[in-house]
Each structure stands twice: as C-alpha cells, then as structure tokens.
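There are two complexes below, and they share subunit A, which is joined by subunit B in the first and by subunit C in the second.
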Partner chain A sequence: MEAILLQILNGLDKGAAYALIALGLTLVFGTLGVVNFAHGALFMMGAFVAVGVQNLLTISARVRDTSITFFEAYKETPYLELWWGDVGRTIIDYAVPISVIVAIPVMLLIGLAMERGLIRHFYKRDHADQILVTFGLAIVLQEIVKGFFGANPIPVNAPQVVATSVDVGSLFGLEGITYPWWRLIYLGFSLSVIGGVFAFLHFTTFGMVVRAGMHDREMVGLLGINIQKRFTIVFGLAAVVAGVAGTMYTPILSPDYHMGMEFLVLSFVVVVVGGMGSLPGAVAAGFLLGILQSFFSMNEIKTYLPGIDQIIVYLVAVIILLVRPKGLLGKD
Partner chain B sequence: MSDDDKKFGTLSRRGFLKASIATAAAAAAPTILIRNAHAFVNEPKGATVTLGFNVPQTGPYADEGADELRAFKLAVKHLNGEGDGGMLNTMKPLSLKGNGILGKKVVYVTGDTQTKSDAARASAKRMIEKDGALMISGGSSSGVAIAVQSLCQEAGVIFMAGLTHSNDTTGKDKRKHGFRHFFNAYMSGQALAPVLAEEYGTDRKAYHLTADYTWGWTQEESIKNATEALGWKTVATVRTPLGAGDFSQYITPVLNSGADVLILNHYGKDMVNSLTQAVQFGLRDKMVNGKKFEIVVPLFSRLMAQGAGDAIKGILGSTNWNWSLTDEGSKAFVKSFGAEYGFPPSQAAHTCYVQTLLYANACEMAGTFNPCGVIEALEGFKFDGMGNGPTEYRAADHQCFKSVLVVRGNENPTSQFDLLEVVKEVPRSQVEYDPKIFGGELGSCNA
Partner chain C sequence: MQTIVASSRTRDTLLLALFSAVVLTAPLWAKAIGAGYPDLLQKFAIFGLFAIGYNLLFGLTGYLSFGHAAFLGVGSYATVWSFKLLTMNVIPAVLLAVAISALFALVIGFLSLRRTGIYFSILTLAFAQMSYNLAYSVLTPITNGETGLRVLRNDPRVLDAALGVQVEGSPLADLFGITLTGYSGFYFCAALLIFGFWVSLRIFRSPFGMKLVAIKSNQTRMEYTGFNPRPYLLSAFVISGMYAGLAGSLMAIVDPLAGAERMQWTASGEVVLMTILGGVGTLIGPIIGAATIKYFENIFSSFNDQVLQQAFDFLPGWLADIMVTVTSPFVGDGWHLTLGVLFMVIIIFLPGGIMEGVRRIAGLFGRKPEEGQA
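And then the complex of A and B:
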C-alpha cells in the first residue's frame, strides 16, 4: 500500500512536468500548426534562468585562499552575505522562487523573439522543415547554454524550509511514508499553472478568440481580428509555461544543457497520445504516462518483466494509437 | 658444365651458407630489432610524432573531457621541455629527456568521443588514418574505452586508456595494445569493504541502484561480492537506465525495502541526480533496523561531486587519485596544473597526464616507436613518483596496480576544491587479484 501511494505521487509529479511541457507544445501546434522541437530547449532555458539568478545573487568577493599553497587559489563570499548578513543569506536561499518571477518576462521575451525571428518564416512550410529548423534551434540554444554554464549539472537548492521531506503517510493513516516537500510544491504549482492556462483560454476574451482561431483561423480573420498577433502571444505564453516548469524543476533535477532533450521526446509522446492540438488530452496523457512509468518501475513488476519501465510509455502509446489513431482526446 | 651452371652452382652453395647464417642470426636477435627493421602503422618519418587525444568534448562528460584535454596539453608541454616539467621531475625510473620523444617534438590532434562508442571509434579512426596518430588516449566511459581499445588493437596502435573503471577493460575485453592506469570496480570493492565494516558494521542490508551498462554491472558485482563477504545482505539490485534524470521511482521502493544502506552504482550526471534525490527523499535522516540509513557511492569524482553540492557531505566512496595528496609527484602535478589553469586537476586529468608520460617513457626505454617494443617496455614496468606510490603495469592484463583512495564527502571543506577527504590510502596488496578471475585474452602484438 505504501509503495503504491509513493508511486502514485511519483507518477503525478513526473506527469506534472510532462503535462506542462506538452501543454505548451500542443498549444503551439493547435494555434500556429508548428511542430516545435525547440520546446524542450525552452524548458531547459527556464531552468537556466534559475541558475542565472542564483549566479547573480551569489556574485562574490574573491579573497586569496591561503589554505591552498600549491598555486594561487581564491575563495568566494557572496556580496549579499557580506553586506546584509542573514538577510542576504535568506535572499540567496530563495533563489528558485525569485527565479520564477524573473523567468516569466524573460521567457516571454525569448518566446516572442523566437517566433518573430525564426518560426513565423516556417508557417507555410512542411512539418519536416519545421522539425528540422526547430531541432537545429534547440541544438544552438543548448550549445549557447553549454558555452556559458559548462556541461556538468549545476546544483540549485530549494529554500531550506522546504528542502526536507514531509510525512504524507500520516494523512492516510499509514506509517513511514515521507515525500520531499518540493516535489509536492511542484505538483501543486503545475496544477495551478495548468488551471491558469485553461482559465485564460476559457474565461477571457483573448482566450476565446484564440480558441476560435484554433477552430477556424480564416473565419476569425475575416471578422477583422488580427489572429496572427494573438497566436504570437500564445507562442510567448507557451514559452513561459515551459520556462517556469523548468525553473521550478531545478531543485528536483540539477540542470544541465541537455535536460530539455530528455523531456522533449517523452513530451511529444504525451502530445501524440493525448491528441495533437488537444489541451485536455495533453494534460491527461501527461499524468497517465507519468503514473504508468512510475508503476512499472516497481521491483515487483520488474522482476517478471525486466526493462519494462523503459518501454512502457512507448508500448502504451502504440496501443492507444492503434485503438484511437487521433489520440485519447483528439478530434476526428 | 657451362659457365652459367658453374656460376649458379657456386652461388647456390655460397648463397645457401649465407642465407643459413643470416637466418640463424635473425633468429637469435631480439625480436625488437627485427621489428625495427620493418615499418609499422604511422611510423614517424619527420621531426615530430603525433599523439591522438580522444576525449568527450560534447555530451554529458564534456567538463571531464575538458579537464583531460588540459592535462594532455600540459603533458605535451612537459615532454617537449617547456614549463616546469611537472612529474618529469619526480618520475622514477625516468628515461625521458625533455626533448620530445626519441628526439622528436610531440604534437597532438584531438577528437570528440561524445561519450558514444560509435562516435569515439570514428574519431579515433580518423586520428589514426588521416592525422597519423601513433597512440590514442583519453575517454571518460568504459563503453567507449573498450570500443576504442579494440579499434587500436585492429589498427596496430597503442591505446592508453583514460578514465575507465569497468573490470572488463582489462578483464574480458583486454587487448595487447591497451593499457589502463586507472583503477577498477574490483579494486573499489576491496578498498571500500573494510572501511564500510569499520564505519557501518557487518550487519547491514544493502540495496543497489545500478547504471545499466558494462561499468555499472561490473561495479555492482564487485561491491556486492565485497560487502557480502563482510556479512552484509543484498536486499535488491535494481538496474536504472543511463541518464534517467529523475530517479524518484527507483528511490521510493528503497524506503520500505528493509534496506539500511543504499549503494549507488552511478557515475557522472546519474550520480549527481540519484544522490541528490535520495537525500531529498530523506533517506539519510531515516533509522532502519535500529541503524542510521547510509548511502555509499563506490566511484567518486571531484568534478561530479561539485554537481551534487551538499548532498555528498559524509558519503563514502573511492577514487583513483585526489589533488590533496602530499607526495612529491602529486604536488608537482597540482602545482603545474594549478599554475597553468588556476584550479586543481581532477582524477581524470591525473590519469591522462600520467598515461601520456608513461607512453613516452616506454618509447624511450624501447628506443623505438614500434608498438611491439613499447608494449614490451610497458609490460611489468615498475615506477614511482606519479601520485599513487609504487606502481606496476601488470604484464598479464595491462592493469596498473597501486594504492587506492577511500574518500568521504568533506563535511567542513576549507576551500571550494576541498570536496573529498581522504579516509584511507589502501595499499596495493589489498586490492590485487588473480588476472584469471575476469577471463579474456590479451592476444598478440599487431604491428
């Protein structure tokens, strides 16, 4: 029972990350008709906003390190600590929440620049061309990040107060089930963002126009609405969603330049399983595949089916696509 | 009998005698002299000799590859008589003169392994066939090392392995042309086990998470055997895909498995992620079976430890070398490297630097670049002053035997580089083994 509860939590947590990336992917496909292989890179760049903010907050004074005598080495103490003591340390400790606030405008700008500067030139091209150019863009972005930050993972910590685990078992009358605070926060955060995106698309005029445009772009255009401008903003919104998902993920997975690619492939499977262009489908498939992946990693299952955890997502995707070629919630 | 016949008859008599003498002399001469008379792959004709440094310049181990490359460049500098000489001042016995190798200036070409076997082989092939590299070195993965070693055997050039820890490299996949200075998983197990018994007792239940490829398998086997010999029980051994990223689904089953020790047979990015996540799940704060839950990382790397941040504090593991060693060789190398780059070298840099010097020294000893001569010079070569105390390149499997370091993540680092504290320097005698236990055949020289 304990093991099942823990795997459900793991699955929800993993699924939350898949769902957030897939949500942006499917939104861009549904509005602009672009298959964006650079979407994983946006997740990675969001994570590196956290690294950048952390680096900024820890800009340090260099003091000669006398403990090293073999060569000239220097110790670094952050200026914030030197100037403000405990307050400075607390600000550094809260680098991730601060980064989320910074990531919103930064990722919006990156998204808009990406769409205006490159992707709009490929609207009328084949999907193959779009995949090639966005994949190339993803590689370029990766290499830029690697050039600045190196190839090794960079540790980014959650605030000390939520860096520990919480006894979630006590809520269900079970003993000894602890789960990291930050993962629970991430799950709550993801659900809020997903809810926010849906609310934005359903309850605002802007969102309704976008949905109308997704349904019949030409008709909305004929009504005198500049749908293209709105779709550009939607691309920026998708970049923000992917970016903040990456920023919040840094205490779970130390960011490195390649992390976006690792999520991208699975997120595409999520989008296809959910139904290309279907927002609820992407969210449902994200959580479904996350939970399946976690369950099939259990030793009790792996004993009988070794390696099943590594193929289960693709196996389920094949089955779903055979039964429902348009995906779980895709429309015919 | 015609004149021609007479001539033929005389010649054949004398010719026969001459040929017999020549054959006998040739048979009596050392093999190396005969080989010298023949050309071999990429025999240096001009004033330079080219070495090929095949390191991960992209991919997950790119930072480690960059450090290896720094060390190679420093080694070339020292071989050519530039800089402060580094370990050339401490290595014993030393045949090098600081004028290149056998009087030829050392130049180098580089390749990118991408930590992929096929890319590493393609890159090594290019360096051998197009750039004329006489020796290939480097790499940061056992899969890559085994693949490139096999290629070098086929091509007839020497392979001086970089960072590779799998037992297979000098075990079942060993080759006559391949040499490894780095230690292996078996040695990690033998070095770590007594320290584990001392620190955590002999009544423990271990749970292994293992990277699912050659290095992970051999390390799991070695550590499992070593800890079970102590009296520990193995609760489960779980294979995890390489580069899994999020290990939560593999870590949560540990919580209720009854295990009180988690052994992470992970390296690089996997190690950083699995260790960080295990700490986040509160494993180190747990009490199981009346004992404090412990995590062990059998293969530690300082570069990777930087990625794990505070999570490595107090964690036991083993390493081939650490920059904080105070022997003359280590000090000389750290001083040279630190002066050149502003930070201390990693264990990957150390092994690559030493391998380059050892290869060059073997050429000088053999008096030839011919790989067969170099192999003969390296086999059984005993040396000191290179950072690990007295060391021997065992002839039977081309594995270096020397002391191994058991280290712990430093609880109170005195500097940003002071991440690992040396707990014990385990002597060679404790980590030595019969080469037959891992099988494999060296084969013969292919030059």
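And then the complex of A and C:
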C-alpha cells in the first residue's frame, strides 16, 4: 500500500510536467491550428532561464580564503555575498523562485517572437509542414542552448528550506512515506498554473473571446474582433506555461539541452491520448500517463511483466487511439 | 506537388541507365567533392534506399510515419542474427532481414493505418518507441541491449560449418567469397540501390502508384469510385518497411553490428528530413536529400577553426577573422545547427525540396519544366 502511494506521488510530478506541456500544445493547436514540435524546446528554454539566473546571481570574485593560513589561498565568492552578506546568500539560495519571475516575461517575448516570426506563416500549410518546420526550429534552439551552456546537465538547487523531505505518510496515517518537498511544491505549482489557465479562459472576457474563436474563428472575426491578435497572445501564454514548467522542474531534473525533445515526444502522446484540442483531456492524460509510468516501474509488477515500465505509456496510447479514435475526451 | 504523369518507357529506361551510371561511377566523381571514400559512399547508398522507401509511403500517400526507424533496426538485428547462426554470406541475411521487417511492417501498419493524420504519426511513433525501449531493456538476450549485437568468431554459423567454410580473423560479410568491405561493400549497396530505384520507378508508373497518389489527393473521392484505400495503403506501408529493413540490413553488412539506437525516433526524423530536403514525391529527390545530409554531416562535422581559416584565406585578414567567427558555430560539433537552419529554410521557402529548386531554375531558362521526369 505504501509502495503504491509512493509511486502515485512519484508519477504525479512527472505527470504535472507532461500536463503543463500538453496544455500549451493543446492551446496552440486549438487556437492557431498549428502542431508545434518546438514546444518541448520552450520547456527546455524555461529550464535554462533558471540556469542563466543562477549563473548571473553567482558571478564571483576571487577573494582571499582566510580559513587557510599556510599559504595564499583564494576562493570564488559571489559578488552578492560580498556585498550583502547573508541577504545575498539568501537571494542565491532562492534562485529558482526568482527565475520563475524572470521566466514569465522572457518566455512571453520568446513566444510572441516565435509566433510572429515563424508560426504565423504556417497557419495555412498542412500539419506535416508545421511539424517539420517547428522540428527544425527545435533543433536550432537546442543547438543554440548547447552552444551557450554546453552539453552536460547543469545542476540547479532548490532553496535550502525545501531541500528536505516531508513525511507525507503521517497525513494518511501510514508509516514511512517521505517525499521531497520540492516535488510537492511542483505539484501544487502546476495545479495552480493549470487552474489559472482555466480560470483565465473561463472567467475573463478575453478568455471568452478566445474560446469563441476556438469554436468558430470566422464568426468571431465577423463580429469585428481581432481574433488573430488574441491567438498570438495565447501562443505567448502557452510559451510561458511551458517555460515556467521547465524552470520549476530544474531542481528535480538537471537540465541539459535535449531534455525538451524527451518531454516533447511524451507530451505529444499525452495530447493525442487526451484528445487533440481538448484542454481537460490534455491535463487528465498528462497525470494519467505520468502515474501509469511510475506505477508500472514497481518491482512487483516488473517481475510479472518484464519491460512493461518501458512501454506502458506507448501501449496505453496505442490502445486508446485504436479504441477511442478521438482520444479520451476529444469531441467527434 | 509533383505527381505521376504517364511517361514513355524509353524515357524511363534512359533515366534508369543514367541513374545507374551516376551511382556506379560515384567513386570517381565523389573524389572531386571530397567524398571519395567507401564509408561515406556506402552511407549515401544505404540512406538513399531508406529514403526511397520512405518516399513511397510519405511521398505518394501523404501518410507521415514517425516510426520507420523500427524497421531499420529490425533489419539490422535480423542480419546480424543470420551472420551469427547461419552463414556470413549476405544473401540469406538480406532476405531474412527484408522478410522480418515486412512482417513487422504488416503488423504495425495494419494497426496504425486505422487512423489518419497526426493520429497515424503518433501511432507509428508509439510502436517505434516501444520497439526501441524493449530492444534496450528486456529483449537484451536478442539485442544485446546497450552494447549492441556483434558477430563473434565462435558463433555457430550452421551453414558455414556444414560447407566447411572457416572464418579466419574477425568475421566479415561476404558474397560467395568476395569480402564486402570498402569498395566491394559499396558496389553491393549500389547494386541494391539501383534495384530499389528501379522498383520505385515501376511503382511510380504503375496503376498501384496512381492509387496511392489518389489516396493523398482525395481519399473520400477514391472511396466513391469504388476503391478501398486500406489494402493499397497497407501494401505501400509494408513495401516501405521492407526498404527500411533492407537499408538496416546493409548497415549491418558493411559493419557487422546492430544497436538499439538505430530504432530511436530521431532516426525516423532523419529520414523524414532527407525525403523533404530532396523533394517529397519525386523519384530522385529522396536520394539526393539523403546524400546531401550524409555529405554535410561528414564534411561539416570534420571542419574546425583551422580549416575555416584556410577556407577564408583569400579574404583580407580582418574579414577572414570575422567570417571564421561567424561560421565556426555551424561546423564541427555544431553541424546540427546547420542542419536545423537548412531544414527550416527548405520548408519555409522551398517546400518541394531540392528538386523543386532545380525545376524552378530550369524554368528560369525558359525550358518547360519536365513534369514527372524526376
């Protein structure tokens, strides 16, 4: 029982990342009708915003290391620490939360630039062309990131306060289920982002117009609304969602330049399983596949079905697509 | 998009003869562009075959498969197993590889072709990723997992043993006594490439090919005229899977080794890229695309700053420095960047690939573009 609960928890944070990426993909597909293979690259760039911020905050000076007295020793100390002492150290410690704030405008700009510069020329082209050009863009983006940050994963730390684990089991009256704080925070964060996006779409006038445009773009246009402009903003929003998902994910998985592609393939499976164009479907399928993946990695199951953990996501995708052609929650 | 236009038989024969001549003389002319070594020429031929086969599915029917690497991997594994268990002769190996990959393609195609568009793409991707993940993990007894499957000296090789053929040194693929390494390996690949091209030409000109194009242009209308598209699609899928299996088999022949990474989805992406770059739905295009990508991969990734410095030597010093700084991220390790940029440029400006570029240039010179010729 404990093991199962732990696996479900493990699956939730991965599922949360899938859900956030899939949410953005679905938004873009639903509004602009574009299949965006560069969405994983946006997730990756969000992660590298955290790396960039961490690097910026820890720009260091060489100072005399006073703890070593035998010879003249020097150590690298960040300027922030030199200038502000403990306050500086705290700022560095909170690099990831700070990067989330930085990532929002950065990713919005990247998203808008991408939409205006490239994607909008591909509205009328068929899906194959859209897939291919965004695939090319994804390669370019990840090579640029590789050029700046190198090919190795770069560790980014969560703030000290939450670097420990929490005894989740006690909440349910079970023994011995400890779980890293940061993963719980990630789960809460992604749920609030998802909630925020849904609230934005359902409770604001802007969101109402966007939903109307997803339903019947031409009609909304005829009512004198510049729907294109709003869809562009939605693309920016999707980029922000993918970006902050990546930024927050850095303490869980050290980012490297091809992490986006790995997440993208699974996210596409998620989107299709959820039903293309269905936002709740994307979110549900994201969590579902995340949980299934970690559930089937349990040793108890692996002994009966060897290798099942490697293929379960794809197997489920195949079964769902063959049984329910439009995905879990897709409309016919 | 380029489609099939009835073409006279003599013209096709001429095209085939010309193609064969170009392929067979490759060791001569490839020297001029610095590609005159067998390793690279073999790659041209192998990926050319892979792309021709892929084009028969994607180019003719418009079904974008993201899982063709699976058949490539299956072909490689089958070949290496034939080397291990039967004989080092390539004929049984190639036949076995093509047969097994056809079987795989039949199963995967039968299931995937129930859906169209992006759903089809995701289904093929899912099957390929499953094969890849399984080959990496639980199927290790068959695939030797991460290390890759190798041919060893003391493998049983029952046919060789029965005929009393002894392997001296490390086992190499052979064709009735001719060892297939270096140029002999290339000529073996080239012969199969020409054969593959001929088959593709016949399919393009056949009523079967016409039906595949009909599926691409309007499937509903085709159904109304009384054809069931499914069997045609499945045949096209299996044929293109067999091409991929053949290509995989050749990879294992020129270098007796099979690894799971051949099945990863990036390998499927690569063949899509080659086909698009050359020209989707054209006869020659995919081969040109495959050769271009493999050529640039080899040439660009071997460049470094010194080579660049030499290349820009004719410019004044300061300009040369600028050029070196500008171009250096695009070569060496960064050649993927070049690939990505090239790819975007092609899709944005020249959706028909290199072949469309050729036609446009030909059009500039006042010649009527020759439809369906290439």
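Everything that follows uses one rule, which is that the second predicted complex is superposed on the first by the 318 of 332 C-alpha atoms of A that agree within 3 Å, B and C clash if a C-alpha of one lies under 4 Å from a C-alpha of the other, contacts with A are read in each partner's own complex, and residues count from 1 in each chain.
Criterion: a contact is a pair of C-beta atoms (placed from the backbone, for glycine too) under 8 Å apart; a residue touches a chain by one contact, two chains touch by 3 or more.
Bear in mind that the values here come from a model prediction, so they are computed numbers and not experimental data.
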item	value
First (subunit B), second (subunit C), both or neither touched by A:253	first
Touching partner for A:10 - first (subunit B), second (subunit C), both, neither	first
Greater residue coverage of subunit A in the superposed arrangement, subunit B or subunit C	B
Subunit B versus subunit C as contact partner of A:325, first or second or both or neither	second
Touched partner set for A:162, first subunit B, second subunit C, both or neither	neither
Touched partner set for A:310, first subunit B, second subunit C, both or neither	both
Which of subunit B and subunit C A:293 touches, first, second, both or neither	first
Contacts of A:91 with subunit B and subunit C, given as first, second, both or neither	neither
Contacts of A:121 with subunit B and subunit C, given as first, second, both or neither	second
Contacts of A:108 with subunit B and subunit C, given as first, second, both or neither	neither
Set of subunit A residues, in rising order, touched by both subunit B and subunit C	306-307, 310
In the complex with subunit A, residue positions of subunit B that touch it	58-63, 236, 238-239, 241, 243, 245-246, 248-250, 252-253, 255-257, 269, 272-273, 276-277, 280-282, 285-286, 303-304, 306-311, 331, 334-335, 337-339, 342-344, 414-418
Sites on subunit A touched by subunit B in the complex	2-3, 6-7, 10-11, 13-14, 65, 67-68, 70-73, 75-76, 146, 150-155, 157, 163-165, 176-180, 182-183, 251-254, 256, 258-259, 262, 293-294, 297-299, 302, 306-307, 309-310
Residues of subunit A defined as touching subunit C within the complex	35, 118, 121, 125, 127-129, 131-133, 135-140, 143-144, 147, 261, 265, 268-269, 272, 276, 306-307, 310-311, 314-315, 317-318, 321-322, 325
Interfacial residue positions of subunit C with respect to subunit A in the complex	62, 64, 111, 114-115, 117-119, 121-123, 125-127, 129-130, 133-134, 136-139, 265-266, 269, 272-273, 276, 329, 334, 336-337, 339-341, 343-344, 347-348, 351
